Every structure is written in structure tokens, then in C-alpha cells.
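What follows is chain A paired twice: with chain B in the first complex and chain C in the second.
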Partner chain A sequence: MARIGNMEFFLDPNRCIGCQSCVAACSECDTHRGHSMIHLQYVERTISVQTVPVVCMHCDSPTCAEVCPADAIKRTDDGVVQTARKPRCIACNNCVLACPFGVPKMQTEFSLMMKCDMCYDRSSVGLKPMCTSVCPSGALYYGTREEIEHLRPRSEPINTFQFGEQTITTKVNMMVPRDAGVQHVDVLSAMEESPVGNAAMLDSVFDDM
Partner chain B sequence: MFGRVGSERVVGAAWGTLFTSILAILIVVGSRNLQHFDAALVGYTFAVLFATFAITYRYAMWLLRPPTKRYWNRGWQLFFSRRYFATNVVNWFRRVTADFALNRFIFKRNQSRGMAHFFIMWGCILAFAITFPLVFGWIHFETLPGDLNSYRTFVFGFATTSFKIHSAVAVLIFHGLVWSAFMVIAGVMLAMRRRMLDHGAAALQRFAEDFLPLVLLFAISITGLLLTASYTWMQGYGYDFLALLHAITVIFTLLYLPFGKFFHIFQRPAQLGVSFYKDVAAKEGMAACRRCQQEFAPLLQINDLIEVERELGYRYETDTPGVEHYQRICPACRRSMLGIAQGELWRNGGLGVGGGEWEKSNHLSPTPHPPRPTPHSPIRID
Partner chain C sequence: MATLPKEQDVLAKAWGPHLNRMEGPRLDTGVEPDKIVPTHCCFCGQQCGINLKVKDNLVIGFEPRYDFPFNKGMLCPKGVKRYLQGGHPDRLTTALQRDPDAAAGFSPMAYDAAIARVASEIERIQSTYGPNAFGVLSGASLTTEKAYLMGKFARVCLKTKYIDYNGRLCMVSAGAANKKAFGIDRAANPWDDILKAEVVLIAGSNTAECSPITTNYVWQARENGGKVIVVDPRITPIARTADIFLPVKPGRDVALFNGILQLMIENDWIDHDFIEKNTTGFEAVAEHVAQWTPRRTAEVTGIAEKSIRAAAELWGTAKTSFLMHARGIEHHSHGVENCLSTINIVLASGRIGKPYCGYGTVVGQGNGQGGREHGQKCDQLPGWRDISNPAHREYIAGVWGVKPEEIPEAGVDCYEMMRKIDAGEIKGLLLICFNPKVSLPDNAFVTRALEKLEFFTVIDFFLSETAQYADIVLPGSLHEEDEGVVAQVEGRVIKINKAVDPPGDATQDWRVIQDIAKALGRSHGFTFESPREIFDELRVASKGGVADYYGITYEKIEAQNGVCWPCPTEDHPGTPRLFEPGSSNPIANGAGPFYFPDGNARFVVPAYRPPAEEVDESYPVILTTGRVVSQFLSGTQTRRIGPLVDQYPEPRVEIHPRLAQKYGIADGDWTTVESRRGTITLRAQVVTSIRPDTVFIPYHWPGRKSANQLTIAAQDPVSKIPEYKVCAVRLRKSEKPADDAETTAPDAARSDITRGGTDDVARTAVQQGR
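For the complex of A and B:
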């Protein structure tokens, strides 16, 4: 199997403009053709235009795989957590409920869990995942660490997430402000927070005008 | 003394020994103290005994995994619960017919995949149903006393129906393995075609996991057909060699059964238990998300999942007020919170959306282009 090499996935939800290009492109992927695996999450549609593109973060210790009673979810040698193996998946929904990022999708009519596999047919041979090849705002970026540091000198990729007492490290990186000095993204810190991303972005756009 | 893994292996080995012993006893009893046991098939018998041990061992080890153990126990518990038993029995027949006999869910995934699986599955079931009872001596045929044109079938040594040896029924019965071979070959061809043409399958498939089972099924079927061809049309030419070749392919497959893709044959029926679990759990009440207050999953499943995660060593417990465990939050809110949490970091520490970077990229287009040897359109899919 070809190697992904030094190419990495960088996720920057704050740059998402909600155009749905990633959703359309995702369904073109050969490993799950016709089924879009990316989530374009509307955060609070009534008060905000903020959207969050969510791909599989490819955890180093994937909770979805561990809680699978059928042992159907496997991680490749290069760290990509694959969609459920078709002969094994028993459609119990455990992975969907256990994933800390809310990624897997249950295809009830097929009795099969499907999820983002970083377009393994493409990334395993050195091509970009479909979503990153069409994202116009750079919310989804696939490239080398040197490229992303050159492009976004004020940002820093981190891959550590905190969920209560549980720390999860991932293959996919999230872009955070370099000067914030954070070691991880504390997801539960957003429990009581309102959407901010695009509101902040629109403010800055209007300030520039 | 052995540790957790060691004791699990002992449990697995004990179950394996038990099932293998039961099968061995049934072979002796069913063949009437090996009276009807065909010694020429002894290689097959030992391969089946080994496969039985290994499959039981692996199945027992699989059931000891925390999530599997929990859903296995819960599935049986809920299936036999007095309140839902009648509904469960009706659903059992419905699901066995639709999902197992007709492979409905596989056809929904893809017609070609469904056809391939249907042919392979029924071809194999037919072949197993014929081969194993013959190998074990559970079924044998005898000519009727005084009537050399009729055969009587004996099952476990008990006489059953008889039939004329030149009748259509006889042709159908004695060529049962030929029909099954045709079915398996048709299924293998369809499966192989998909694997050779489908780009998605090409990226994920591996030889040992995906191609070897098809190669083995094809080898068994074709060598079996050659045996029939040899004794029917070629006066038994090369029969001994073909019989040996056929035995090797079958025995290798039997030994491979517990280790590769074929294990799903034994694992898959667990889907039934899970479906009852989901049915009953949904009726027992739903869990509401602690963030959006929307119902999102059966409460029983969420509680079980929390216990399973604890057994596996995960610590999703939180001190956030109202959320004692991260599992109490629905997947949609998890996705929203991920975006909000990142946005908060930028608002608090990074001057909005890295605004400086938008300016630094010096593009009207929001797409920052990395340095590349040859510029290309942002819509090109490379």
C-alpha cells in the first residue's frame, strides 16, 4: 500500500464559508461513491451563519474502533481509521454514539456504518482528499507542515483534544492561534458558548471595508 | 497466575475443546461407531475438527471483548424478556428471511455485490450441507434388498426415503455439488469483476483478506467439477491426482476459516441480537442531549456504552455542570462544540479569524495558494 508520507490534513473551521463544495466533492470519492461522509454542521442556524466542516480526525486510539462489538473498524499502518468492514459491521450504532467528534454515519438501509476515510483511494497514492481539493477558503487543507506554516504564520496546528478527563490525539490537525499558547482544544469549553466563528469573521470583513 | 489475557486464552481453549469433543462424539455416534465412516475422507474430518476448535476459540475470545460481551449478554436478555418475547420471535423470522436468506441489505448496498454474495453463500451452504454429513458418516446410501435400481438414504444410521438411481431426483441429488460449484463460480466471477474494476475496492482490498477467499472458493469449485468431468466423460483420467488436488484446496480452506474473511460467517449472526437490542432499547426510553435537549439515542445503549468505555479505560467523565459524562451529548452538538471551541480560541487569543493572514495572503480570493512549481486552478481535482 502506498504511503501518505509527509502530507497532513489541516482543519480550520473558522475559515468555513458553508459553501457545501466539500459535501458535494466527498460523495465523488471512490471508496464511498454517492455517499457524502463529511459533516457540514450548522452551529446555530437561527442566529449565526457559522458552519463547521467535520471530517474524521483519525484518532491515535480510536474510540469508535474500541467500542465496536464486531471488531469491524480498523486503522491502517499509516494511521487512517477506515470505514467499517462490510462483512463485519452489525449496524449497532456504537461507533456513531461513541465518536467524540460525532463523525461516523449509520446507513440504516445497508446495515452499515460509513465514515470519512481521508479518501484513502486518493491519499494512499499521494493525491489530496476530495474535500481539500475543492475547499475555496482553506478550511480544509491537505499538504505539508512547511506549506501550512508558510501560508498561515499566525496559526499553529495542534492535534490534541480534551473531552472532560479524556485526552485524544489525532492524525488530523486543527489550526489554532499561535500566540494563544494552547496545548489542546478543550471541546467542552464550548458547552455554554454561542457560535462565534463567522460572526467574528464578518466583523473583521466589515471592519476592512 | 496467567494474567487477564492468559485466562481469556484458557477460557477460549476450553470452549474450543468442548465443541471439538462434541463434534467428535457426534461423528462416532452418527456413523454408528465409524461403521459408515469413509476412511478416504479422514483428512477432511481432521481439518473440520481443527477448524471447529479454532473457530470456537476465536469466537470465545471475541465474546470476551468488553463491548461484545455486553451486547451478547444484553441481546439474549432482551430477546427472552417476557414483555417483548412474542414480538422478538416474529421479528426473528422476518430478519432471518430478509437479511440472511435473501441478503436484502447487501443488495441495497449494490446489486452486483448482492448477486455475488447470494450465489456464493447459497452455493457454499448447499455444498456444506452435502459434504459434511457424508464426511462424518451421518448420511450414507444403500441399495434396497432385491432391487438394485433403488437407493435408500440413511441419516444417522436410520433408514429414510428411497429413490430410483436413474430418476431425475437421483441426478439432482448425486450432482448436488456440481450445482453448488456452478453457483459459487458465478458468485466468485461477479465478486472478482468488482474487485478488479472498482477503484474504491482497489484502494482498500488486500490479497489475504479479499482475494484469497475468492481464489480458494474458485479452486474448490473447479477441481470438484473436474472430478465429475473425469469420471463422467474421461473414464476416470487423472482422477487420483484431481482427488488429491481437490482435497488440498478444501482442507486449506477449512484451516483458513477461522482466520480470515470467512470468520464473518460465524460472527455475522450477532447482528440479530443487536437488532433486538436496538428495538427494545428504543421502546424503553430515549436519552436527551444535555446541550440541545433533543432525544438522540436509546438511553439503555448510552448507559451501556458509558460502562463499556470505562471497562476499556476511556475517561470521558466531566466536571462540566449538568454533563457528568461526555457520552450524554449528542453527536451533532459534539460537532458544533468543536467549531465553537476553536472559534473561542481565535476570539480570545488570535484576533478573530487569523485576520492578519487573510491580508498576508494578499489575495482577493479567500483561497491561500501554497508555493507550487506550476500554478493550477483551485477547482482542479488532483
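For the complex of A and C:
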């Protein structure tokens, strides 16, 4: 049993400032071969500077592994879903298409599906993953539940996601405002909301320009 | 002869910027580093702790430095990829001389010969035209030891009064205002005081991009119940979720803060007791701000009255608070007044000098704080002493072993030095750690000035756009090739550690300076054998000054993870929070918390003046400039790092859809922006996150992509900071520029001639029959 122990991954997109430190640092992780496994995108730059970082959520029942015809995707005993195993991966892209969070990437130069593995070479020996080490806004955080409760009294970790009919529970937690009182994140309806932050400008500019 | 030896594109092809990427041992997994060196990032004033992994004299990567308390392992993308500046194909590993006949425009020369040539040109110019005909321009990314040495070198070795530095573009407005109001120029609080502030007011700081680590402090304040007010003409990432967003019209900050103070007074949200006991000048300021009614404030600032009222109430009624500002309010022809107007609302609140009651300017450059303390400013001597104060001159003369009258008088700011070069008063220039071709405003003028120099020498590790004008380039050192101290944003003095040796003939900058002194036959005072020796002299030179470093040692820095100045004695722990009862203060000596003989802070009347260039019918749009997260200042380093360039490859002009529509400009269209000084054509980024009367261009690029072709050289009369944040422009939809090509593939011809040390030079020279 590795040393992930009671350490957990917490994701708070509301804190994200789009700086791409996580992307830069992810490519520095020894096992990522110079590639970043993180997706960081503007929701809609024209109307907001809001950005969202996407790491692997490490599902309890990973869809990527379920759809893999070659049984190449393994989940460790401590719940980390790994990059496809090179000898088995047939680069079929099933996992890339099936993942509800859009995480796996096909690295054509290696004919291999690679994905966020929570920097298993680091986390399995008690080190923090690269992205959570460098993130300057705390949008990506790795620590114990006690630490996060102490540091983020206004937010609450949630790990249940609803995609239409499909319910997914994950190892990675999403921080949501405590006063929102939600039990799960409804992903499809969230996708319909516009990004926050566009109204402030015209609302606060004096007179009609 | 300081003209370009070849066309710009030929120089760019030979000398870069080329892009360095992860490859070889930097990509191989399982390469065991020879050592891991704890040090700091080379870029911004946050000075994040970082561990560098070294293999075979090459920095191959980094490991987060979790134990450094300021950033606890955090880094922005510049810090993550900083190591790629080492082992770079563009690195200068020999001295170079301007050589229009050489394919690359410069040919390598032996280091000693280059030093001898520099010395003889200094000799010639100074004996022909007098000592002040040779000037020095320096920078605030140098360690404090080097910054100290540059000031001493100019005054003692060159005996010239003309030295200034690029902190002139950065910290001087805040510095001047802090001196006027507090008598000391340093962030007043440790950043931990942000964490439990009820209100955090951020004025003119694109915190998330320019000082990313501070973001976590602000978000943490929020988790603890704090509210955030952001003043900025753009919704930057730190402003996106602000509780109150004040989209100030560029150049109107004084009006805003005077308006807030007026509301504080009207509603009695002020600390009478504090004002009475610890300040002077309140009545005059109160009388002055009475005219700034919410209505008038709204009209002038372009901010809705309700937002101004809400901000005044939130700020006015808070129990604890932290106000921070950066270049957004400082880069103005009235930058000092802008800063003073923010200080006034801090003083009126009485919330300073206590836990969670803070104020500070967010330092820009790596040593933006330390680089402005020890005498590379035109009017300053070490320890923040004043070059026109006889007692200060006498003390420093004693340390330097010269007569007080031998120390030159005050010189002029760096832009004025350019004007003196243009006027033929300064004929020769030595420049280090500065890229004025990219970073100074109205850079067509800068080019004209540089071209008039009889002799120009630059110490640098890459051939910057400015170094391309040099007669002789001396190969200097990277941050990781030397040791020394810097003072970061909190005034915490920290230690930069050496990880690798400079390659080839590249030499640590302080040695280069001493080699020049020696070649001039003026070695006295320039025989230091290590940065530590320089630091020990600096400690003595600063002793008893406001910026007192006497009690700081390399060992204490290591033991405490940094020491905040003032630190007057070896058993003193340093002063993280200023203005507390009993804290070190050699000026007030117990009379009160502030650095004046009576111990009182000063309210200073900040009169509103509009920007130097207002919009009009011909130039109807405001241009403001700034930074992006993946680039740093003039980009000499960051434009050479592949992943950072990938992140934001080209400057774009940000335009609000309402304004874009007027000109028929759509997102991604080529757009020409024109001021009275220059023209730039870039792609448009159409976004609602900017005021509809303002456009924004980041300034990190040279040549036809340089925002400083447009900016105005208007300066604050006191601080001499240029007005980068406001000028008048016009827009039009346009076509792709003809020369839109990028040079990114390393050029083989050039690397042949500059790889390796003088052995290779000699060989190449022989082969080329020189």
C-alpha cells in the first residue's frame, strides 16, 4: 500500500486564475515525458476571464477502464487511475471518447493514452503532485481533509457528479460554496450556465459609453 | 558608433530569441541530479523559493521548495520554466565586438581584450569630455551586492554623476510617496497580514498575472470572511469575483481615492484618535477632498456612483484591512499623488502597524525592493542615504575611503540620461540588466539616442535588443551562476544561491565590473573576492541608515528563512511589520511609529491632474499597457523559453466589443493602433473585460510588436516614472503586416562562433583568418 494514505486532492475552479502553472509543472513530472496531462481552458474568453482546470477525477468506477477493450487502464489499490499500460494499449481512443470529464489524451507520438495519474511517482512516496505543489491560487490543493476544512471554512468538498442519468463518485473532490448546500454537481446543467464575471464591467462603468 | 551592425532580422536570426525546450537530461526520466540547490526564482518581486536540480553543471529541472514560508512550493509558470534560460543556444559565452563584416554582425573576442577596450574607451571619453560624459545604467534584477557595487563603481571608479537604473520604470512612484508619508519606503507588513484582513483593496495590480502567489493570500482572506475591492480598468482574474469592482478610467486614481476619503469623512468612518496622535496634515487633506463629492468622483473616474459609495462604506467601516497597489496606479505622470491618495485612506482609517492592518506596494522586479535601497539610483547612497545630504556623504565617503567632495552630486533619471545622450552631453554608456529599447516609452527616441553614443558597452547573458547596439558586449552571469541577497515584496532579505558555473568566458557581473576598474588602474575599493565580502561592506555602508542591513548576515538569512530590514544589530531578528510600538526606527527614536523625527506620518494633499495626453477627436481612445503571466518585463529571458512563448506567443490588443464594433473589428482581426509617436499592428482580442473607452497591449515584445512605440515619455515630476498607463491612440481595422514571420529555429552559423570559451574564439578567429 502506497503512501497516499489520508491525502486527498481538492479542486476549486472558483479560485483558478488561468495562469497555467499547473500545465507547466505537469510536464515536469518525471513520468509525463514532457507532456502536460492537465486541460486548462477559458470558459468563454470574450465574456469572462474565467478558466477551468481539469485533472483526472479518479472515478471509483472509471468509465475509461470499463470501455477499454484491451484492459490497459488500471486503478491502483489506493484509487488512482493510471495512464494506459504501454504493452496493452492499442490506441483505440475509446477511453478518450468515453470519459465524462474529457481527461485522457491520445499521445500519438507514443501511440499511447496518457492521463493524469496524480503524479503517482510522487504521491505514492508521500510527495504532493506537481500541479497542487505549484498552483499559486490554491485552485488545485492536495492535503488531508482536516487541513482543507481548516483552510476553507466557506467551502465544502463534494465528490458526486451527475451526468444526466449517470452518477459518478470520484476520489478527487470539487470545492463548492458551503452556502450553496448542494450534495452533488449537476454537470449538464452547469454546462449551460454562462461564466461569471462579465456583468461587472458595464454595471460599474459610469454613464452610457 | 552605436548603430545596429546588421538588419534587425539578421541579428534576430543569429542571436535570438530562439526557443529552448525540455530535451536531453531535462526530459529523461531517471536522471539523478548531482545536487539540489535551494534558491529563489529569478523573475518577479515575490521571489518564490525553488529548488534547482543540477546535473553536470546544467540546471535540469526544479523541485518545489515546500519549506520556504512565502510560497510553500507554489510557483507561476515563469518560475516552473525558469531553468530553461540555462544551457540556451542564445547564451553569450564570449565577449563580442560590433563587426558589420561578420555574418552575425558581431564577432567574438577574447575577454581580456574586450575589458581593455572598454577601459580605454572610458579613459578616452572621460579625458576628452570630462568624467560626466560617461554614464551607467543598471537594473533591479541584480542582487543587492551587485546593485551596491554599481553605485560605488559609478561614483568612485568612474567619478560620474550619471547612474540610474530600471527601477525608475517600476518602483519609484511608490517609493517617493512612501518616503513623503511614512519616511520609509518598504511594504509595511508581512503578507500574512492579508490573511485575516476584513477588506483587501487592490489598486492597479493585475495580481493574478504579475504577482501570482499573492492570489492565494487574497483568496485565503476570503475564506476567512474577507471582502475584496479591485480598482482596475480591466477585469483581470483577481477582479473577476471581486465583491466590489471599480473600473477606473486610466489616470483618474487620485480622484477615486479622494472621493472615498471624502465619504469616509462625511460618514465619520475615520479613526480620530490615530489621526490625532500619529499624523500631521489631516486638516489640509480633509479640506482638499471636500470637493470630491460622489457625483464629481463618478464623473471624473468613470465609475458608477453606487460602486464608489459601496467601496467607501466597506473600506470605511472595516476593523482590519490591507491595501496594496502596483504599477497600475504608479505608472503615471502623477504616480506619486496616486500613491499618496491611497495612503491617505489608510492613515485616515488608522489601520496600519497592527496585525491584519496593512499597506504595501507590490514590487515588480526580483530585487525591486533591494535594488532601490543601496545607491544605484541617481540621487541615493547606500542605506537609503541621500546624496545631497552632507552628513550622509561624509559617512559613505568614510566607508569607501574617499573624500566626501569626491563623491559626485546627484545625477538624473534614466530617461533624462537618454535625453542627455541625445543632446551629446553623455557620450559613452555602460549598461547592465536593462533593455531600454523594449522597456522605455516612445522607443523610437531611445533608438535615436543610443545611435548617438560614441561608445556603448553592455554586460548581458543574451544579446538583448539593446545590446545589439553595443560596440562591446561583455558576457555576464545568470541568476543561478552567482550568489547574493535580494529583498522581496515584504522587505524580507533572502539569499540567492549559486547552482552552476557560468559557461565559457561568461563571468559573474561583479567580477566584470571589477575587471574594468582594474583595467582602468582604479582598483581601489574593487578587489572583493566574493559577494559575501561585498555584502559585509554593504552592511557597514547601510548601518544607521533607514535601510539598515547591519545586523543581517548570510547565516541569519538561512536560519530564519529571510530577515526583514531594518535590522540594526546582529542579535536583532529583523522587522517584519513596520510602525509597531517599539520597532526599530533610527529616525523617530521612540517619538512615534513613523520614520520622521516627530514619529508622525504625513497626510499629503494629492491634487488631481489629468494624464499628460488626453484623448481628443484625432486620438479618441485610451491606451494602457501591462503584462501577461507567462512573460516577464522586456522578455530578454522569457521570450527565449519555449513553453512560456507557447502560452502567449504574440501581443494582442484587447478591445471591448462596443468599441470594436465602431471600427468594424472582430475578434482576431488585424488592428492598427496609432499614437502621436508610433504605430503597431496586432490581432484584436475582443473582450468584455476591459472598459469600452480603453484598449490594452502587453509590452514584453520588441520591434514592430513593441507597445512602447506608442507610449508617451511624460514623467512624474517627482519620481520620474514614465506614464505607461495612459496615452491617446486611434484604431483601425488593418491587414496582416508584411514581416509577420517568426524566427524560432536556432541558427547554426552563430552557435559555431560563440560556443565554448576563448579557445574556441581563437580557433574560430584563426579559421576566419582574423
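Throughout what follows, the second predicted complex is superposed on the first by the 194 of 209 C-alpha atoms of A that agree within 3 Å, B and C clash if a C-alpha of one lies under 4 Å from a C-alpha of the other, contacts with A are read in each partner's own complex, and residues count from 1 in each chain.
In the analysis below, a residue touches a chain if its C-beta (ideal position, glycine included) is under 8 Å from a C-beta of that chain, and two chains touch if they have at least 3 such contacts.
Please read these numbers as outputs of a predicted model, since none were measured by experiment.
**Q** Determine, under the contact definition given at the top, whether A:R154 touches first (chain B), second (chain C), both, or neither.
**A** Touch status of A:R154: both partners.
**Q** Of the two partner chains, chain B (first) and chain C (second), which one does A:T46 touch, if any: first, second, both, or neither?
**A** So A:T46 only meets chain C here.
**Q** Of the partners chain B and chain C, which touch A:Y120 in the superposed model: first, second, both, neither?
**A** In the superposed model, A:Y120 contacts chain B only, not chain C.
**Q** Is A:S137 in contact with chain B, with chain C, with both, or with neither (first, second, both, neither)?
**A** Once the two structures are laid over each other on A, A:S137 reaches both partners.
**Q** Any idea whether chain B or chain C touches more of chain A?
**A** Tallying touched residues of chain A, the top partner is B.
**Q** Applying the touch criterion given at the start, work out whether A:Q20 contacts chain B, chain C, both or neither, answering first, second, both or neither.
**A** Second partner only, chain C.
**Q** Return the residues of chain A at which the contacts from chain B and from chain C coincide.
**A** In chain A, residues 14-17, 25, 28, 30-31, 33, 50-51, 128, 130, 133-138, 151-155, 196-197, 200-201, 203-204 are touched by chain B and also by chain C.
**Q** Show me the residue ranges of chain A that touch chain C in the complex, using the header's touch definition.
**A** Listed in rising order, the residues are 14-21, 23-25, 27-28, 30-31, 33-34, 45-51, 128, 130, 133-138, 151-155, 196-198, 200-207, 209.
**Q** With touch defined as at the start, can you tell me which chain C residues reach chain A in the complex?
**A** Touch residues, chain C against chain A: 22, 27, 29-30, 61-62, 64, 66, 71, 73-77, 79-81, 208-209, 212-213, 215-216, 219-220, 222-225, 235-242, 245-247, 298-299, 301-305, 307, 629-630, 643, 647, 656-658, 667, 685-693.
**Q** Per the contact definition, I'd like the list of chain A residues that touch chain B in the complex.
**A** That would be residues 12-17, 25, 28-33, 39, 41, 43-44, 50-52, 54, 63, 66-71, 82, 86-88, 90-94, 96-103, 109-112, 120-122, 124-125, 127-128, 130, 133-138, 143, 147, 150-155, 161, 163-166, 174-182, 185-191, 193-197, 200-201, 203-204 of chain A.
**Q** Flag every residue of chain B that touches chain A in the complex, lowest number first.
**A** 62, 65, 67-68, 70-72, 99, 105, 108-109, 198-200, 202-204, 261, 264, 267-268, 270-271, 274-275, 277-278, 291, 297, 301-302, 305, 308-309, 312, 314-320, 323, 325-327, 330-358, 360-361, 365-368, 370-371, 378-382
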